[in-house]
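Next, two complexes with chain A in common: one pairs it with chain B, the other with chain C.
Entry: the complex of A and B
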């Protein structure tokens, strides 16, 4: 297995490493005979970035940390080997492991802000790291710290070294974390969703830096993420995880062009593309948690191609093509897959519009701070208008002002020709009913002490639409519409998964029989397959009931699949607006072009 | 996890009694915890003792059983020659009743102040909480002492009122802190957007989510109440100076501590056991509510 890295970067020392070999890795819960992940075989070749993709609960982070011989409390590594240059990391003494962590196998966490010490200056942290590892001399360390920062594209002057972590932006913090990971010149790098929560522009910068460093130093990287689009941009090979096992493994292009496993195909069907509108489809059901996984193939209860054999026999990883493996009994039988099947025509920009809600000269303030400047747009009946922008662009602020949740604004928001009051409380009950707000985080937007029935029923009672038995029947009907079983009627909200909660939130909005729904990043806290099904649901509601939607998001690809018109926001101003096709195919503004080019794309 | 969190499934109206007991699932989970189970059992035993014991006491409450400070009976006699065991058995009821009622009063008033302050926010919050801080600056027993010295033979309800009032600002502080974390959550904002009445938001949306921490606080307050009631009794402020009262008994008999220690030690021990038990209970509740929130 001893390979030498090809001559990559100039001026960098290129070392001979053998990469990392994972054999039959398994992690189980302590006390119960339940495996979290099992049967993981993976090779990280030197200088190669392997993307480990999976939805929440698939065990991807567990695999990531196992490479450092670490498992979270309540779980332990029960089997397998992690071979780094013929040494088994899992069999090492803890003192060796401690030395190995960071020095040979480095880890970049999801939230770097909590990984950096908030009370130590950046420069000191970089120097301290080298002291701890015994790298360099006291004179060389400061210089090494500067070099490290330069490599990740950060300033190297004293002023920057003297900053604290909170004085840096999210992207800068993440790049400092990358610099720290690379300082001891590790052989293997484990990145756990390092760009989740960053804006596309910063994400692009961090990803480029990372990929460049890995190739230059011949570092093998395992990139753990839920975001297929990111993987499509940086990984050489992709491993798709489902319910604790690798479902499919192969070179990036193969995985995205010829996925063999039904799960991979379903995942790809659920993600939006930048270049074309798609009818997004979700995966029915939910990811089984450890201990609740079905017998046979773990995907059998959600699979469209299931046969009896899938319920009885556990499939092995089978080679489909060289380097391409899939864990499916029916690999050869289920035909080929074409990404273009999901493609639908873009929303017609020429369609006549019947304006229902219009926002004019909106200025929003937080105390003395002026955050939204002179924003005007309108929303037609049965239309979806997307408000898009990076964090701090004011998109949520605008939507909250429209919904009457934020009162401190001036300008005119008119609903069917009537000017709306600033706060929801001062609007008429009918206006409140006809305009419903759905929140970003379904874990916060439902009262955990109430049952689903109580939550969905409340708007009906409040607005006098239905009560008693009739209301309960309506609740069941609405739950059917948002694809929730009626057995959940009496569940407390705390028992549901994120996607189910968001469906309840949508059902609650629908219970008021609204004409306009304001959707504030409603899919960003959810897995892609869940996002797909929520978008599918919203599209159905729009067509069936003619509900107009104000869709706030940071995801441009999603906009293409759901919206007809788009408002691109930057620092509280609309920089570009128009129909989705026009804006995304022929962007006029630099900012829009920058956003588009930085967004990770699959196509 | 229990399926039916509370018996409020079918018809609606106001879901989950606002400051009522926590859902059944919560109590069941709590009983599985050793700390809580032990504290709860001992508390129940002491309460039962206080309620039932007067019927089994060998002597009456104010009955003379022999010479003062004699070794007659289980614990001997006190400074008036009354049987200590009987006095202990009689003396619990009023202490416990006053403590429980005072705690309830303090909790209700305090929670209301705290939640309203947190929910109103801004100026209201500032004004309410600064006034509250002024009250907090006084030692808890001071207010009671000031009023009681002015009154002769205070009625029980005066003592309840005074102790309850001294609890309120402390409870208000805690409940405001808990409520602050809840009023900013989106489900409260969602209720506002629907145009729910403010009172309903407080009662149906905010309070049910505070039960865990509030129960823990109530347990703690009960402990303090007993302490204060006993202390007032010790200082001679009791509804009926002649009646048996654990706190008062310590005061009455402290002169004979060397000759007849049981006359003081017996009430001290019961109070100690009871406060430790209620504290354990409160502690357990706090732990569970911390762990088991959504």
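Entry: the complex of A and C
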């Protein structure tokens, strides 16, 4: 890399590549004749970014790694071709494949925290491949590593190169991974949800860096994600995957303006908008796993437009318009889609408030470290207050202090006029019952060895609300309220999907009959479509039961659809607060404006 | 899918360690660990002393029927043991001796304890060290091969053999080795170690082979199985997947990316196993007539030679503590996260 400035695109030699052609790709499970993905045809033109979108379990990551002739243990690539300049990657000898990986097709992994080796210094990991292949001298490799880091906006000094992955923030790690992928100057890049879990500012930075580098080097990229809003900003074309097949494929603007497939429409319906509150909707049911996919159209059991034909005949990809294809029998019969469908009035800022919980002059400490400074806000009955900020802004710390999970704080937290003790242990059983905490990660917050019934029953027994048969009946009732079938009563938590687990966690909180629920990033580990259905559920609970919620999130668009008031946090201080409409339509602070402008949006 | 940590992680936010304070932080940490080690050793000394004192009157046991008749000998032994004094003062005397390097005098033959045990302690340490030198690369090598072929035939075969070796008592392995290599089939190595009074068993290197081989076979399965299990976990991690997708050859993935992160549990098991070996594997020592600590300890207990038992127990405890301390230091040095946490 001769230049260090990424915007000097013309300084780079844009190579004439033919891009990548995927033909009839299929991946199957070993031992069983079951397709994970099948019938994938996709072309990545040179310099083009294609978004591959779908819910968890749709097979999008499987397609992504197949481009590097890699499949996870338990699966194998069973058919098809991946053509890179007329060479079939899938037919190559494994030695050639290893050589091709990195140099010609590079991969950027999903999880920034676990994707870099914890025991190898950043600088060494960056140049490892070049060193093994004997490319350049050690000085030239080091210089290339520094240039690569500069391109992604990271420090290039020796001290930084000597760091380990755990000494970097999530965004820094992800940009190191990006620099590492670009270092050998690949022709094709596969990015597997590289920004999931990053806050909006970092996400924007990573996405911009990626787009710039792709343009500068003429790299074709496949961007795998579950969030359509993310690809809205960077992709040239979008492929929507469902249950192992491409459901719809087309230019970005067409997909967002004229989605032809009911599934694409359902995904778009689940995305919150920054400009206006929406009644978010999830997609009923869950993505069928390989081997359990229905006959006919695979989406028929979740589709709002289903007819008998969909259950019997397998649809083919049909051309809707030039370059726009959809796999649906009823293309053209189901009317048009409007982005403003489902918008609802914003929460009324003038509504009288009956304060139930108030936080005054809260200062929180971790040991000697002062992390939250003088934060005051309150929460009214039946109201949702959102705490918004980047990672490290103290939003989770505040919610943990309110919930009594973190006790090293000063100030006053009053609940119906009574000051609450610092730690939950020293609060009365009734106060504990009336304030319930829902955790971010449903994979860690449910005991995998207990059945759903035991999990939901526990708070009832603990607080003496019900027991025995009566408790079981109430569990079934609660499961109905969170849209879980009663057949799941005896399932262990480990059998459920992420969204189902989070519903169980919500049912567990509801079992205590709370007045306040503290929701700590409860949708950020979930697919956008699942987030939609969880938000729908919470909104119903708020209206029916008048439960107040403290909603912690980094997603401002989500705030618009769920909350009435918002507290914008930066480095442990509230920088702006007020009703959602006021703050988001007329932000007063630069920080708020920056957060808003960095949020991915489709509206 | 990554999630933000629920608690702010002090490591993630803090600046990386600076050279100046790093050294001081390390010294402080090491001093604390050494202090703890000394404290542990002191507690062991209390337990050892109380246990040997609770055994009953050693003088009566040693003299047996002569207890009533041989008054001169009885009085001499009682004076040596300080039978008349309180238990506290006897303990303090003994502890004072230990601190100054005086382990006392043997009751059985009136020779200084240290003179008698120094050569056996050295013998055992050499045996353990040789076994470790052979065992560590062997165990890691087997683990890597096994992990590479996970759940396929070579892995199954290796795991079955290892489990069988772990299940067979070490003296049975020894007997089989003797039968195979020394008496019945081949006659390559001597069946016993012959050591002269002043010499050491390793003066005849051939004689060391079978004892070392037996111990290696006894310990390797444990270490190898633990390292394999950790390796399998690491091989499933995202960073190994990324290394493969980056185009790193599999051998390098295994050596550099996987092994480096799987080594720590291995070190902990190695430490426990080596400490166990240092405690003396009496049956193996007896089998090969190897003049080691275990055999001497059993003899001393049988002779009611209290000072010898105390000294040997303290040395074994010392080896345990030192080996585990070394293992902890190595583990931390090999875990960057823990290492940077100390120096910052």
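Definition applied: the second predicted complex is superposed on the first by the 552 of 603 C-alpha atoms of A that agree within 3 Å, B and C clash if a C-alpha of one lies under 4 Å from a C-alpha of the other, contacts with A are read in each partner's own complex, and residues count from 1 in each chain.
Operating definition for what follows: a contact is a pair of C-beta atoms (placed from the backbone, for glycine too) under 8 Å apart; a residue touches a chain by one contact, two chains touch by 3 or more.
All values derive from a computational prediction rather than experimental measurement.
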Chain B versus chain C as contact partner of A:425, first or second or both or neither: first
Partner touching more residues of chain A, whether chain B or chain C: C
Contacts of A:272 with chain B and chain C, given as first, second, both or neither: neither
Which superposed partner A:461 touches (first chain B, second chain C, both, neither): first
Which of chain B and chain C A:445 touches, first, second, both or neither: first
Chain B versus chain C as contact partner of A:19, first or second or both or neither: neither
Which of chain B and chain C A:46 touches, first, second, both or neither: neither
Chain B versus chain C as contact partner of A:57, first or second or both or neither: neither
Contacts on chain A seen with chain B and repeated with chain C across the two complexes: 439-441
Chain B residues within the chain A interface of the complex: 1, 3-5, 8-9, 11-12, 15-16, 23, 185-187, 189-190, 192-196, 205, 208-209, 293-294
Chain C partner contacts - residues on chain A that touch it in the complex: 65, 68, 70, 72-73, 98-103, 106-107, 109-120, 128-129, 132, 159, 162-164, 166-170, 177, 180-181, 193, 196-199, 366, 369, 371, 391-392, 396-397, 400, 406, 439-441, 520-521, 524-525
Touching residues on chain A, where the partner in the complex is chain B: 403-405, 424-425, 427, 429, 432, 436-437, 439-441, 443-451, 453-454, 457-459, 461-462, 468, 490-495, 508, 512
Residue ranges of chain C in contact with chain A within the complex: 1-4, 6-8, 10-13, 16, 236-239, 241-250, 252, 256-257, 260-261, 334-337, 340
